[in-house]
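Next up: the structures, one after another.
Here subunit A shows up in two complexes: once beside subunit B, once beside subunit C.
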Partner chain A sequence: MTTITRTDELVRSVPQPTSSERGDRAVAGVSHTVLIIWSIVVIAPLLWTLLSSFKTSREIFASPFALPASWNFDNYVSAWTSAGIGNFFLNTVIVVTCALVIVMLLGAMCAYVLARFDFPGRRAIYYLMLAGLTFPVFLAIVPLFFVLRNVGLLNTLPGLIITYVAFALPFTVFFMYSFFRGLPDEIAEAAAIDGAGEWRTFFQVMLPMARPGMASVAIFNFLGLWNQFLLPVALNTNQDNWVLSQGMAGFASSAGYAVDFGSLFAAVVITVVPVLIVYIIFQRQLQGSVSQGTMK
Partner chain B sequence: MSAITTTALVKEYPGGVRGVDGIDVTIEDGEFFALLGPSGCGKTTLLRSIAGLEAITEGTLHIGERDVTNAQPGERGVAMVFQDYALFPHMDVGDNIAYPLKIRKVGRTERRKTATGIANGLSLDGLIERRPGQLSGGQQQRVALARAVATRPEVLLLDEPLSNLDARLRLEARTFLKELQRDLGVTTVFVTHDQAEALALADRIAVMKSGKLQQLGTPREVFGRPLNTFVAGFIGSTPMNLVTTTVADGGVRVGTATVPLPATAEGKVADGAAVVWGARPEYLRWSREPVDGGIPAEVSVTENLGASVLVSAHSGDVRLQLVLGEDDEPSPGDTGWVVATARRSLLFDAATTELIG
Partner chain C sequence: MPRGSRRRKLTLDYVSFMIVFLGLPLALFLVFVIWPFIQAVFYSLTDWTGYTAEFNVIGLGNFTKLLDDPIFMKAVGNSIVLAIVVPLVTIVIALAFATLITVGGSGKGQVQGIRNSSFYRVVSFFPYAIPAIVIGLIWRQIFDPSAGLLNGILTGLGMEQFSSFPWLGRVGTAMPVTMFVIVWGFVGFYMLLFIAAIKGIPAETYEAARIDGAGRFRTAWSITIPLIRDSVQTAYIYLGIMALDAFVYMQALNPNGGPDNSTLVMSQQLFRTAFTRGQFGYASAMGVVLAVVTLLFAAIVFTVNRITGGRDDGGRA
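Here is the complex of A and B:
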C-alpha cells in the first residue's frame, strides 16, 4: 500500500505536459494494477483467518466464506486457556522482550566501538560479525543443543534468550555500524570537550542520535524473533516453556481432523496481531530507515 | 591566568606527515588570536591539538601554569565552537547550552536558568525550547557559542567560526564575536583561511604554511611588513604585487623603469642582487603626468570594487595591480605612470623569499 502512495507522488511530481507523459501514465497504470492484485493476495487470507476465528468448526466446513453466525470471543477464550496459547504468548513476550533489549544494547555498543574506535583486530571482529550474518541456523542447531545442555540451559527460557541474542546480534551490529559511521565526528568531539567521558558520550549523545536506526533494527529483530521456530523447536522442548510458534504447530498437529478449527484460527490471530500492530505503528520508521540509506 | 604556551609542538600523522611542525607560540591571557593559512597548513590541527582532540607527538602545551600536553579534552578548561557547530540535534537549545553544566553535575533548574541567561545575552530569547534543526545558521552559531561560554572556560577555541554564514551575516557576526570576546576577556584562538577575517578580528595573527609558523604579529605588522613573500601574497584582499627583479643603480628594475629602493632596505642590498620587489595595490598611485621614479605603464583591465577600482597595468612584461579611488579611474588603453611610495614598498630576497627591508 505504501508503495502505491509512493508511485502516486512520483507521478504527480513529474511536470505535466511532456512527450513521455503517456508512457508515465502507462507505467503508473500497470504498477497500480499489479500492486492492487498483490494487496488482495496478501490481505484476503488474513481477513479469511479473522472471519474464521469467530466461527465454529462446523460453520467453517459448511460455508468457508460466509460470515460467522454470532460474533463472540468463545474461540479466543478457549484458545487462550484450554489450548495453552495464553502461556505460550507470555513465554514469547518474555523471551522476545529480553532478547530484544539485550541484543539492542550489546549490538549498539559493539557497533559503536567498531565504527568509531581504531584498535588492532577491529576489522577482524567486524568481519567475524558479518560472517555470523551468513551462518545458517541449521548448521548450529546440534552444537547449540550440546552447549546449552552442558551449561544446563537447555529447555529453559534464559537459554532461548541467549541463543536469540546470538542470532540477532550480527544483523544488529551490521546495521548500526553503518549508522554510527555516518554520525559526524564533531558531535562526539564536542561532547568530549564539554567533559563527557566515553560512556556518557555514548548514552547521552550518540545513542539518542542513532534512534532512527535503533528503531528500525529493533523492529526487524522483533519480527524475526517473534516468528522464530526452528531454534525453540530444537532447544526448548519442555511444553511449559513453549513459545507461540511451537504452540501453534503443536495445536495444529495435535488432534488431526478433530482439531477445533475456530480456536486454531483464533490462536493464529493472537499470534499475528502483535506483529501487525508493531508493523503498522512503526512502518514510517522502517520506510524512513530505508530512504535514509539512499539519501547519503 | 590562562595564557597558552606551545613549545616545539609537533603533530605527526601515521605515515610521517607533519600537520604541525615545531610551533612555538605564546598566546597571552585574554588575547584574541588568529591562526591563518591556506587549507592544509596545519592551523586546524594546531587548534585541535590545543583542544586535546589530536594527540601531541612532540613538544609541550601549557594552559596557564598547567601542563596539559596529555590531558583529556574535558580537563583542559577549553571550550570549542566547531565549524559545523556540532550541536546535539536531539536536545533543545537550552539542553545544548547547559550540556557542559550537566556533566559538571549542576541541578536541572539551575542549569536551565543559566542557559536562559546566556541565551538571552546572545539574543536567542524565546528559542530555548527549539531544536537546533529549527534554527537559522546564525542562530545555530550563537547556540554553539553559548554552549562554549556556559562554563566560563579559560580558553575559547573557534574553528572557522564564520565560514558557514552568508556574506552579510558574516560581517554582522564578526562584529558580534569581537564584542563578545572583549566582554568575556577570555583567551580566544580562532582558525581561519580568510585573511580579511583574521585582520579584522585578531589582536595577533599567526600565519602558517605546511605546519610551520611563517609570521607572528599584529594585523598591522603582517599586513604592512610581511616577513616573506608567502605572507605578503597571502595577506590582503588584493594580493601584493611581487616582481622578481634585480637591484641596479641604487634602485630596483620594475618593468621598464627603475624605482628607488624601499626606505628600509637602503644599504642592505648591493647592485646585481636578485630580489623580489613588493608593493600593495592599495599603496600604489596612478599618475597621468611623468613622475620621478614612476613606472610607465598601460592599463589593460579595470575591475570595479564599488567605491574603488582594481586596475591592472602592464609595464613591459610586468603586470602591476593598483587599487584606486573611483574618481581617478583610468580607462583600459590609457598610459600613465605607476607611482610607488618608497616608505610602503618592500624588498625580499629572491632566493630565500625572506624580507630584506
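Here is the complex of A and C:
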C-alpha cells in the first residue's frame, strides 16, 4: 500500500481499484489455506506410516500418535527377511526392468513403423491398438491364464514379463506414435540419401531424436508396471516368484490379529520409497510430459 | 497418411526391418492381448470350468443367469455408483485446485499463479507414485477402529463416539470411505493435467475477461472450463474406466466385499468366480458385462460432451 498523497498516481497507474487488490489477497489467502489443508491430507498418512514403521505391534495398538520407545530397524529387517519382502523386491526389480526395456524398444519400433510408413492394414493395426488400450484387462484375464499355462509360462517370471510387455505396448505405441509423426522428414530422407538402410536410420537417427518422448513414456511405464496388481495376482501365484504388490496383498488378506503390523508398515515404506525417489528425480520431466499429453 | 511415407522397394533391408519392427510387437500383442479378449467372448457362451477338456456351448445362458444373480447385480450397482461418483468428485476437486494454483495469486493487474505452487504440485502428485495396493493398505490402517490415525484424531478432538468406529465395517460408511481413498489417489494427477491445460490458454483471454469485469469464479466457469473441456472429457473417461475396475482398492480395503457386500464390485466377483470357484465360463460372461459397461460409459461421456457443445477429437491419445 502507498501513502494517501500518492493515491492519485496509484489509481492512474494500476487498472484495479484498491478494493479488488484486497480481494486478490483474500483469494490468495483462501487458496493457500485450501491447498495447505490438502497437502496435510496427503502428507499426514505418509508420515504416520513412516512413524508406525518403527513401532512394535503393541505400541501401534497402544496409541496411534505415540513415538516408538526405541528407533531401530527391527521391523525393516523382519519385513525384508521373514515376510519375504526382500525376495519380492528383487523379483519386482527383475520383472519391471526387463519388461520396461523390452516394451520401450518394441513400442518405439512399432510406433515408428505405424507413424512413418505406408502399408496396407496400417489403420487397422492402429485401431486394434486403441481397442487394446480401452478394453478392461479383466475381460482377458481368464483366457490369458490358460494361454500362459499352455506355453508353460504360468507362474514364472518370464511369463509375467511377457504379459507386462504385451499390456504396456498399446500405451507406449500411442504415445510414441504422435512423437515420431512430429519428427521432421528431412532428416530421415537425408539419412536415406547418405545410404543408411532402414535399420540404421532407426537406431542411429530416429531413436536418438525421440529420446525426450521415450523418457516420459518410460517413467509412466515404470510407475504403471511397478504398481501392477491384477496381472501378477492372477498369473503368478507361486509365492517364490511374487512381486511386491502381491506381498502387500498378502498382508491385506491375512487374518487381522496374525499380522505383524510393524513389519507391514515397514514393508509399505520399502515399497513406496523407490517409486517416490524415481518420482522426485524425474518430477519435472513427468510434469512436462503430462502437459505434453494434453497439448497434442 | 504420414507426410513422409512413401512406398519402399522390397529390399532385404526393408523386409527384414518390417518383419522385426512390426511383426514382433504385433505378434506379441495379438497373442497376449487380442486373442485372450476374443477367447473370453467365446468362453462366456460356454459352461466351461477350466479343468475339464469338454464343455458345452450354452449360448446366452450365463448372461440370463447373471441377471438372476443378486450378488453380481449388487456388484454391478456398486461399480456404476463408483463410475459416476469418483470421476465427478475427483474432477471437481482437481479443477478447483488447478484454478486456485493458476489464477489464485495476488498481484496487480495481471492474472497470475499462486506463490509456492510447485510445492503443492509436487506434494499432491505423491499419491500417484504410490502403488494402489499400498494406498489401500495405508488407509485401511488409518481407518482401523482402535489403532487407526483417524479415530485417534477424532477422539483427541473430544469426539468419544468415534473411539472404535468401524469406518470400513459399516454399510453406511464403507463405500464413501472407499471412494475417498480412490479420490485421494487421483486428485494430484488430474490437477497437474488441468494445470497444464489451463496454462495452454493464452493469457490475453484472461486479461480480456478481467478487463471486462469478470470475477474469478465467473472466469473459471465461463472461460477455463469451456476451453479445457477436452481435457475434462479425457479425464472423465480414464477415471471412469479405472473406477469400473477398482479391483485393487477393494482388495486392499475390504477383500471380502465389505459389510453386506456394500463395496463388492464386478471385478472382485469376477476374480472370485474364476480363480476361487473355477467357473471360467461364468466369469468370462462377467468380463463381457464389465467390458460392455465400460464401452457404454465411454460412449455416454462422448455423447454428453458432444451434445453440450464440445468438439470431438477422438484422436487424442
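Here is the rule we use: the second predicted complex is superposed on the first by the 254 of 296 C-alpha atoms of A that agree within 3 Å, B and C clash if a C-alpha of one lies under 4 Å from a C-alpha of the other, contacts with A are read in each partner's own complex, and residues count from 1 in each chain.
Note that a contact is a pair of C-beta atoms (placed from the backbone, for glycine too) under 8 Å apart; a residue touches a chain by one contact, two chains touch by 3 or more.
All figures in this text were calculated on a predicted structure; none of them were measured in a lab.
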(request) Answer with clash or fit: subunit B and subunit C placed together on subunit A by superposition. (result) fit
(message) Taking the superposition on A as described, I'd like to know which of subunit B and subunit C A:189 touches: first, second, both or neither.
(response) both
(message) Of the two partners subunit B and subunit C, which one touches more residues belonging to subunit A?
(response) C
(message) A:209 in the overlay: touching subunit B, subunit C, both, or neither? Say first, second, both or neither.
(response) first
(message) If we overlay the two complexes on their shared chain A, which of subunit B and subunit C does A:181 touch? Say first, second, both or neither.
(response) second
(request) Considering only C-alpha atoms, give the closest distance between subunit B and subunit C in the superposition, rounded to the nearest Å. (result) 8
(request) Would you mind listing the overlap between the subunit B footprint and the subunit C footprint on subunit A? (result) 189, 197
(message) For a test of understanding, state which residues of subunit C touch subunit A in their complex under the given definition.
(response) 1-8, 13-14, 16-18, 20-22, 24-26, 28-29, 31-37, 39-40, 43, 50, 96-97, 100-101, 104-109, 114-116, 119-134, 136-142, 146-149, 151-152, 156, 184, 187-189, 192-193, 195-197, 199-200, 211, 216, 231, 234, 241, 244-245, 247-248, 251-252, 255, 266-267, 270-271, 274-275, 280, 283-284, 287-288, 290-291, 294-295, 298, 316-317
(request) Flag every residue of subunit A that touches subunit C in the complex, lowest number first. (result) 14-16, 21, 24-25, 27-28, 30-32, 34-35, 38-39, 41-46, 48-49, 52, 60-61, 63-65, 106-107, 109-110, 112-119, 125, 128-129, 131-132, 134-147, 162-163, 165-167, 169-170, 173-175, 177-178, 181, 185, 188-189, 197-199, 202, 223, 226-227, 229-230, 233-234, 244-245, 248-249, 251-253, 261, 264-265, 268, 271-272, 275-276, 278-280, 283, 286-287, 290-291, 293-296
(message) For a test of understanding, state which residues of subunit B touch subunit A in their complex under the given definition.
(response) 51-53, 72-75, 78-80, 82-84, 86-90, 99-100, 103-104, 147, 151
(message) Looking at the complex, which residues from subunit A come into contact with subunit B?
(response) 184, 186-187, 189-197, 200, 205, 208-209, 211
